[in-house]
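Chain naming follows the written order as A, B and C, and within any one chain the residues start at number 1.
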């Protein structure tokens, strides 16, 4: 997770988690149901009773629909079934954060464009352009490291599920789409031959 | 059970009749024999030996007493030294002459009727020489037959009365015994499918063991069921936990290397892990569905919000695969009575399949509308389609299409949907979509 | 013409019966009132005068039936039916013992009807023997002859009376001759069975040159003409019929016991028309028949109440006991003893 640029604090037990939560505020809690010192559900129930509304995504080995319903009823925002794909988790995290919205979300600017992560909209010269799915994800990755070169493999790892086999020019397709969306602004995606891509501005 | 009791009562009554008849017969015969014997002895005792011969004096009472029981014909024969001196000289002699002083009895036919003969033997001294005297007294037994018949008929009437009373009692008993059992059965039958509480209603003493056994059974059953549920959960956990760490390690390794060969291997590994996890998941799902189709807990469900909620939960996944999820709401609300968990299982399977088999940039449409008394939920995609394989084959357990080898699935998904549709009393259709893709249509009976 | 024919028939019948070998005392023919369809032949020990009103009444109801009425002694009636198997449709006799023997030996047919069922149990046997009249066996006494003496109430009284007045009663007592009269034999044997007084009485009578008769009517005649002063064991019905009430002859029912005789009827096994016999029997037993019997024949009807009225009355039972004295050995011995007692050769 930290590879993606998130700040992560890891607690190995409910007790530790309590300590962390007491010390700082978090944007999101990833909760494993089976913990060495107790059932995650009890923690979740207690968390909600204490009126803490930090979003929680539960990780569980149970995939039964009844469990999902129960977890959501207890107060989880979403859940992933183990084993899960990182990108799926990432997608769900983004969805939960987007839903929760609020002050945490601020507009981002780069060069002469503004990007609203909440609505996934790029504003270029006053024109709003919507980014969808993978092209949105690609832009977010590139935007997280401006002028940083991302290799094709790195991009593939982040855009596609680890299990998917990807065609050679799959990245080119999305880069192409994104370039079209960036037209008219000084921001552009530069192909670094043999190395990768980077977001830069001219 | 009542029939059996009546049968037993009937047999007992018949036995009563027969035994009374037989007892009456021997009682009357014994009595008559006694009187007959007494008459014979009365004559025998009056025999006197004199110088000239044996004098026979038949006392009036000897014959008069024979009229005591009824109007039977009387015959007699007295033989002195083997010669008949008086009486009916063709009255049959006994086969075995009596020994000792007591009379013997035998039955013969005489003058067209069955008679009972009593024979007594005496030795009388005539001029100092012992002379044998045989006294036979016989009587018809028509009266005996009459008495026996009368007693037997009375017994028959008694038996019939007894039978009637026994029959009434049997029916009353049967009813009073069966009634609490029936009430108990009704009470248990009225319970919901998940109600395994012990039976607490008061029951008659005799049903105590039954109720205790029933409660014991229910306890074991609910224990077994909860153990099954626990097992399913534990199995899920035990399979997935090691798979999880394996996958995580692989994914981390994938992100840390640029070597294409290594990456290909790692990807293959991850796909295997996902395959196992998915198989396990679907097996457990299937088991859970089977369990629930037997033990449905039904509730009234507002259909569209449920469908929409499910679709929403798939959006992150769809996003990841660059697939558009589109929903088409019905013009009016619809409710049905069904098991929520089963229903969600089925719809999730359909949506999951549609997303899985779609191409990038694909569109999956989910809609709901009313058709007569049925709710029609449809999931259409523009994905790989069924490529000629018949839908019915796909719905057989573990059967997968020929065009989906690189997509992870265990082949149970559609089977689950079909079973859920059947359990709800609805229908499921799967077919090729015109222009490419698949149409999955689920029909469920509405409650309004 | 008819009369002639009937006379011929009557003669032939008589001849037939004579040829049959039993002694007939009387024979009467009652022609049918309408065209003859059947013949009812009755064998009886009772005089025809007694039965005529009944027969005529019966013919009123059954006009097509011709009735022949044959009278014989009790023993002759018995031998006619038992030995000769004479074909009569009905046999009427005052000798209960002989009738009993006939029934016991299978010489009678069963007959059941509403009338027979109405008879009290002691008045019938096996639906084969039926009592149709009951009368006491009585002592007849001339009050004139006994002037000054107390009338005997019991046999003991009678014995004492005779013992104490031998001269007055010598040759003046009459009774049945059991050797020659069936009824007489029956009365004597029943007496002997009933009590010891019989033999003492017999002995006393033997000492007094008792006159012996074969019938009650003769005894009554003897009383009326003055041959005898007392008649022992007379038929009550004859006495009541023949003696004027308030007259000299007193009918005494001895209080120690008075036998009640039943006149009985049976349908012989060899009857030509047993149903006809049964029909007449039913008529005899019917209320009309019984009333007629009582009023015109002087034969009292079967009446249970009448028996209950006097504790001295002992009905002679229709039971196998009657066979005892029919037994030849017994009869022989009894008559031997009786003769020794009464006749005293």
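Convention: a residue touches a chain if its C-beta (ideal position, glycine included) is under 8 Å from a C-beta of that chain, and two chains touch if they have at least 3 such contacts.
All of these numbers come straight from a predicted model, not from anything done at the bench.
Undergrad: Which chain is most remote from subunit A in terms of Cα centres?
TA: C
Undergrad: Which of the two pairs, B-C or A-B, is linked by more C-beta contacts?
TA: Contact tally favours A-B.
Undergrad: Provide the C-alpha centroid distance between subunit A and subunit C, rounded to the nearest whole angstrom.
TA: Computed from C-alpha means, the inter-chain centre distance equals 144 Å.
Undergrad: Quick one: subunit B and subunit C, Cα centre-to-centre, how many Å?
TA: Centre-to-centre distance between subunit B and subunit C: 83 Å.
Undergrad: Between subunit A and subunit B, what distance separates the C-alpha centroids? Give it in angstrom.
TA: 62
Undergrad: Quick one: which residues in subunit B touch 2 or more of the other chains?
TA: Nothing qualifies.
Undergrad: Along subunit C, where are the residues that touch subunit B in the complex?
TA: Touching subunit B: residues 103-106, 125-126, 193, 317, 319-325, 327-330, 333 of subunit C.
Undergrad: Help me check something: in the complex, which residues belonging to subunit B touch subunit C?
TA: Result: residues 55-64, 66-67, 71, 73-75, 78, 85-87, 111-112 of subunit B touch subunit C.
Undergrad: Going by the contact rule set out above, which residues of subunit B touch subunit A in the complex?
TA: Those residues of subunit B that touch subunit A are 232-233, 236-237, 239-241, 243-244, 246-248, 250-251, 254-255, 258, 260, 263, 266-267, 270-271, 273-274, 277, 281, 284-285, 288, 313, 315-324, 340-341, 344-345, 348, 360, 406, 408.
Undergrad: Using the touch definition up top, name the residues of subunit A that touch subunit B in the complex.
TA: Residues in contact with subunit B: 3, 34, 61-66, 68-69, 78, 81-88, 91-92, 94-95, 132-134, 137, 151, 153-154, 157, 161-165, 170.
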